[in-house]
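Each of the next two complexes has chain A plus one more chain, namely chain B in the first and chain C in the second.
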Partner chain A sequence: MRVEYINPFVESAFNVMKEVLQGDIKRGELYLKATSMPVMGVAAIVGLAGDVEGRVLFDMEKVTALRIASAMNGEELKSLDDLAKATITELANMITAQAVTKLHELGFRFDLTPPAIFTGDNMEISNQNVEALIVPMETGHGKVEINVAIRERA
Partner chain B sequence: MKTKEDFPSINERKPEGLSPEGTPFRVLIVDDSMFVAKQIAQILGSEGYDVVGQAADGLQGLERYKELYPNVDLVTMDITMPNMDGITALQKIIEFDKNAKVIMISALGKQDLVKQALLTGAKNYIVKPLDRKKVLERISQVLKK
Partner chain C sequence: MSTQTAEKNSLEQLSNGKKDKADKIDFKMVSFSLAGKEYGIDIMNVKEIAKAGNFTYVPNAAPFVRGVYNLRGDIISIIDLRTMFHLPAERKSDDALESLLILKIGEQAFGVIVDNIDKVIGVSKEGIQPPHPIFGDINIKYIKGIIENQNKLYIILNVEKLFAPKEEEKPGRTDLVKEASVKMPKIGLGGPADDALERSMDVNADFIKETLFSFRNFAVSKVNINWFNRRYNEWKAQRKPTDLQLRELAEADAFLEPFYSPFTGALWSAEYMSALGGIMPAIATKSINVWNPGCGKGYESYSLAVLLKKMYPEARAKIWANDSDLLAISMAPNMVFGAEGISQDHLDFMIKNRNGFVFNQAIRDSIYFEFHDVINNNPIPPADLILCRDTLSFLSAGNQTKLLTDFNEKSRQGCILILGKNEVMPLDNWRRIEGPSLSLYVKAD
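Up next is the complex of A and B:
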């Protein structure tokens, strides 16, 4: 996978999270995974299809998801209810939409699927024939990993 | 005695959600994201606007508009929604009431759709993430026209 695909996602994640969480966001070291890997308790996924295909996964601990959702709603959310899930979904939506705008400017054409959210323990994600690039982002509310797997269409 | 005029207060400001007659502007929120709908309702509520209805897709939004009409002043309309998207709903609302004031709510990256909405008759648009100031500014602009 080409690194140029992931940069727009990292940039827009940085911008959007900084704006909606109003705090410092730190970017961790990028790493590559070719096989299956564990997923933290909450994962929002957005699919990409067009000139390139793949998916972007925003992956975090449940407690981080709750803290982020609480911050975005301006109130303390006690459980990962429909509102909390809608909030995390919307965060994924905003980040992906902004990244895709940048990729469109670079000449890549593709569409997004509506985001879906998965919650549970001991989840794992496997990518067949496409490696994933992962960028951990440290927010004031905990770590969010941005996991991008994209390939050009054959 | 005109106390107010004699001592103008810089802190006193009429909430933007009130019409010149002093009644609240009535808003219908159409958005499939519970989070975004709540966010808009909170921002508008804090300025005195009256959220008279919410709908989770374009079809529901159109139906709610017809039910509320003429007791609705403004609609905020998401673009990407199930059942009926925001642009189709906008089109149908304008067919029903050519003076309808509809503001589109969009994620960045949907410029073509926003353009299409403006050509169809949307009065303005707001790009997410929603910022309180931006939302209030755009909405009061549309209501002043």
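Up next is the complex of A and C:
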């Protein structure tokens, strides 16, 4: 993944989460992962198109998703219902959109697809031929892993 | 500029965590086996390793003292660790060679017989756990601790205690050993000791290989074995026979120093560029795809971009430069240079801004710097040129093979491959082109 893409994603993830969750956010060490990976329980995915092709995946446990959704809505949510799912989707959208805006300012043209959310147990996501950059974020509500896989159009 | 600095800082912070981890190798041990179990001894206590036999029997010594031995003029006692620890030992014929660890404790040197000497392992001191009775056989007092490394448990022996001059628990043991080493007259140099030394050279070379890999991740393979053998003989000529091993990082670096290609971590000189341009076969296509794995800070990517622009001004070059070192590669896209030491070839493609010289947009647009690990999938379009200097050698042997296969798959016919000056291409469908300080290949079919 091109070096120029890394910082916008890291920064916007940090800024957005700090703003909406009002808590202490810690960023873990970045690393690369080969294609396929298990998903923790809830995964919001945003596709990217344009100069590049790829996707951004927000991966977290169900408990974390519920807590984040509760914090963002200002009320205690008991189950991962439509409201909770919509909230997580919105978080993914906010972070990706801000990153893409930053990249646009640097001269890279990206388009977003509407986010989608997957929930379930023992899920695995794989896409061939592209490695993913993992940005681990430690929030007061649990761990969120942001998984960015972007490939240049050859 | 401020965003650039912020970017730099945040990336520096990111990679600091990584660095901490790498720094943690603070304990090195030589591993060996006794009766099928793995043991380790602090490398600081190990003077050398050897293979020897024909020990001179010392009457009335403890059963674990196999005798004495003339190690290049020094008479040392030979102790069989297996007998000492009451482990089953295969009794070889008298002239068979045994694996010896020569230990140095205080002023005394000892030879210790073990079943097999394995390799040097670097571990973190923090990972050493105190001994537990369950690990058996040896008296707990003599165990420094247990460490796990690559799913194996190693028992680290406390050799200072084991061979301490004042041994209270087992009086007489070291006295006997001492007497044995004093009473034997010196026989002088030559004889079986030197033969054994000769034979132990291969083991020494193996040890250096292991150490290079654990210190610098340098893996000896078909790619660089010629260089290694040359360098090993040089090294042997420079150093005392007892001082061959690489004990610390600085020594490993000294060993590797002549390996690196010219202009590592710097822009190429005019001479190097014309030498390379002179022997490089012509590239016919108008759009040149270049793959540059392990580009480090990106100097060589820029130099190559300049060279291609000069040789083929009409063609459109695209350089896919990648490295798995986040800190190094993250500086690459925005590199700023001072004017001195840059050849005119480069200056022609640079513009001056208030911080110094930077490459012009055309050059910068031709290079894609990527944070990427070549061990993972390589989504690279078929390449016309592969620049991979001193990168293969720093992958494990298995990954070297994988990357070489990728070179084959991701290259067009007639693709040019540039390796480090001391590296060779082991696959035989690549034809070598000779040149000074260069290792250049062209893909046949």
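By definition in this document, the second predicted complex is superposed on the first by the 153 of 154 C-alpha atoms of A that agree within 3 Å, B and C clash if a C-alpha of one lies under 4 Å from a C-alpha of the other, contacts with A are read in each partner's own complex, and residues count from 1 in each chain.
Keep in mind that, in the parts below, contacts are C-beta pairs under 8 Å (C-beta built on N, C-alpha and C of every residue); 3 or more make two chains touch, one makes a residue touch a chain.
Computed from a predicted model, the values in this text were never measured in an experiment.
Upon superposition of the two complexes on chain A, no clash is found between chain B and chain C, which fit side by side.
In the superposed pair of complexes, A:E90 makes contact with chain B only, with no contact to chain C. Contact with chain C, but none with chain B, is seen for A:L133 once the two complexes are overlaid on the shared chain. Contacts of A:N73 after superposition: chain B is touched, whereas chain C is not reached.
Legend: residue contacts after superposition of the two complexes on their common chain; A:V144 is shown touching neither chain B nor chain C.
With both structures placed on the common chain, the touch criterion links A:I125 to neither chain B nor chain C. In the superposition on chain A, no contact is made by A:L57 with either chain B or chain C. In the superposition on chain A, no contact is made by A:A43 with either chain B or chain C. When the two complexes are overlaid on their common chain A, residue A:V3 makes contact with chain C while staying clear of chain B.
Minimum Cα separation between chain B and chain C in the superposed model: 19 Å. For the contact definition in use here, the chain B contact set and the chain C contact set of chain A share no residue. Across the interface of their complex, chain A is touched by residues 33-36, 38-39, 42, 80, 107-111, 128-129, 131 of chain B. Chain C contributes residues 7, 10-11, 14-15, 17-18, 320, 324, 326, 329-330, 332-333, 368-373, 375-377, 379-381 to its touches with chain A in the complex.
Looking at the complex, you find that chain A touches chain C at residues 1-4, 6-7, 10-11, 27-30, 32-35, 128-131, 133, 151-152, 154.
Of all the residues in chain A, the ones that touch chain B in their complex are 16, 19-20, 72-74, 82-83, 86-87, 89-90, 93-94, 97-98, 100-101, 104, 114.
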